[in-house]
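Input: one structure, supplied below.
Order of writing sets the labels: A, B and C. Residues in every chain begin at 1.
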């Protein structure tokens, strides 16, 4: 193990050097101001103040997403263990809470750096924001105190509070942790959303003004969107961590454990992913309603290509998640390959068709000759696929397909014994088929009705149909499986290396998506600090083109991955020391059979 | 080499870096790093392949009071303020509108006098029509009219007068704001020493700017 | 070689042929730009890779021959082909580089934003003209006089003068044009014309006249009503 540690150490040194190089010029040139009167902006050479703020803010946001997402599912895992009695969920929850303490400190560190940089580089903007928001600044500090105290109690009290009433108290602490965490998220969300949809009143007390500014039109859409996205981020990062550990695992027990952890992470990620498009759609709608200009800048104007890129990333995410489910079926359930090959093929083809529609832009990139042949930038036939109605339809269908993938995985290797199984399966099939047809019909019909009817009734009906399908099929399947007998046991720890890479790919996609949307949110304000209220008069008032922005996003993603790797490495250093002198794990050549959705029992319970 | 080609080279370099790691290094952690950099490099290449558009801020409108000669000029200035600095159009519309949060201002210049408009802008709560009704469903984000001469908008007296001139012109009324009403700070008998300093500073800055331009060329 | 390898190649070939030769020949269709063909081919390729690597056996059948070929493991008479690929690959990269950098007289790809964001003063305006049959008829009359030479008497963008323009005049019957826009947006476009477009909309590319010089606002609003009615579309609304 020691050579691994050494390599990690080398990484640490280079990482610190990179950070040092980034910060040094900030100290040296921060005082580079020329204007008389109150300084509005300061700049640093080479990297530029805006880019530095961009990187630090993005890293802070990603870390914050991770720190807020992890307690949600750690707490859920703890409850599952508490109610269901499966101790390995408790262990998993504890393993992730352990990360929290160091991740939390890193997040706060980046938050502090961001604050200082903002004060240094954008004093005018910060003055204005402080003026409006100072009551919530103070509230934020208070929340931080509570959050920190709860986190320490939650983590350090884990082993002490395992029994009876104490465990209940511990669960309550977990609830408090998440409660404060949500407030810690939505309070700064108000500052950020205020910048894009400000509500300014000049009358009233400081608290009234701050409250009016807080309750701005895009505040709640962003809150919901970020909450779900944080769970997705936490889940996929958990999956990626398990994937990396799985690739490096030496013993069978390790392989089983990390295989199972990867499954749980992917499941949580997919679970959140299914709800995310709805939240995004709501946000977009609110933006359009608040200011049509901003909506058009995003969807039809200079950022329209960004949404094609976003569609590609989400497409890869959907493909990757499904791929992992399918790999799970063929590898964890021996002998199932031929049985599931055909349904998987059909699901894959429908998923790809949906993706093809989703990624087809409305205005195409075409040379002059090509454009002449098409008669404009819209293709006469395929251009129809470029509008909202088609996109909404296929995103709903993709959610349905992914859900089916999961149900198939869930049912794999089991035989129904209930007398009503045949009927139940027929009902489920009918629901699924009817729902898909209804979604498609609504989508096609959506072309022939006014936009407002489509948005208010058709799109919402499509969403309602999909939710209805999920809510009926899940309990039905659960009931069916209660009486089912297992024909083939699930074997953990047999996934191929590419499953680990698929998990890493999914996590990278989610992080990239968050970086991309950060750019989108900032660019949609165009040359305003606060939309329509405070103009950006700095040399950085322009929004960079997608290509050069993508390199900064790439840097943020890469650096964030390294940070997370570092946090995981720090947090598990103690385990390794224990593992060396601890028990010698059994080496089982073929892995241990286990229940589907469950892992091997290794006698911890 | 164009900037785009340079960025493409960087992205390609990231991909190649990843491929080299996957080809020659066995450590799992580094292999995953290599894989991640291939993915990230491909993302960058894709982003560089779509049309590249930067969004440039519009040119800054500077207002020179000295250039204002007629009431129509004042109204034109008022129009820009109405839609930009004054933020009137964030809430008010001219003509009936579905998305406006506040009263329609069409014909307001004909309905109200100049003095009343001025008071409505600087002290909105001073006088409210008794029969003023908010017809229809309540608006989702109700707003109270802010004092326009105070923060955050903080229009100067000149700017408010210009907006009033615009409102009158838009309503088809003769503009009752005259050029002589505008305060001309530069021409007023101010402290001579300060004025001299201001002029010299301006001149120095101007020379510097010109010097820079020459250097660039 | 083996079947598992031939099948993907056949699928990719068939997909390319479909996109290149079949889809454009469907009535009402047109040639598909290269960017879109590449996108669809990439999707097909990723589908093939995903499907072929789903299980250990299929992965071996798909990747095994490839790996053996690349490593030169027991391939016998294919050995020259392997060296051929070793040579071919750098040549391909070189050709691509040459192709990308050689000066050409072809104009760059278009990226015109068709519906750029309107200026603030036009967002949220509502049509002040009441929607009566007479007004709509009047609007259609104005349309016939001023707009139909280019946008067509049938609102389909195929007027007698349309053939001379690139890009062609907008087709209002297409549900992705005026049906996606608010009346205020049309008011802006008609009033300010092509020269009123922001930079991303490439004002130099549009031949749309600046109608504010010739028509009073009321006429423009009536024309908008007539357009929507004649093209059987409804303007976008938010409430």
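Methods note: a residue touches a chain if its C-beta (ideal position, glycine included) is under 8 Å from a C-beta of that chain, and two chains touch if they have at least 3 such contacts.
Fair warning: this is a prediction, and the values are worked out from it, not measured in the lab.
Legend note: the chain whose CA centroid lies nearest the centroid of all displayed protein CA atoms is A.
Comparing mean CA positions across the assembly, the chain most remote from subunit A is B. Between the CA-based centres of subunit A and subunit C the separation comes to 31 Å, rounded to the whole angstrom.
Each of the following residues of subunit C touches two or more other chains: 109, 111, 113, 119-120, 123-124, 200, 237-239. The multi-chain contact residues of subunit B, meaning those touching 2 or more other chains, are 51-53, 55-56, 99.
In subunit A, the residues touching two or more other chains are 289, 292, 297, 302, 305, 365.
Of all the residues in subunit C, the ones that touch subunit A in their complex are 23, 26, 28-36, 39-40, 43-44, 46-47, 50-51, 53-59, 106-120, 123-124, 166-168, 174-176, 179-180, 182, 200, 234-239. By the touch criterion stated above, subunit A contacts subunit C in their complex at residues 288-289, 291-294, 296-297, 300-302, 304-305, 319, 323, 326-327, 330-331, 337, 341, 344-345, 348-349, 352, 355-356, 359-360, 362-384, 386-387, 447-448, 450-452, 496, 498.
The part of subunit A that touches subunit B in the complex is made up of residues 4, 7-8, 36, 128, 199-203, 216-217, 243-244, 247-248, 289, 292, 297, 302, 305, 308-309, 312-313, 365, 500-501, 504-505, 508-509, 512, 523, 526-527, 532-533, 535-537, 541-551, 553-554, 557-558, 561, 565. Only residues 101, 109, 111, 113, 119-121, 123-126, 128, 199-200, 237-239 of subunit C touch subunit B when the two sit together in their complex. Within the complex formed with subunit C, the subunit B residues making contact are 5, 51-53, 55-56, 79, 82-84, 89, 93-100, 106.
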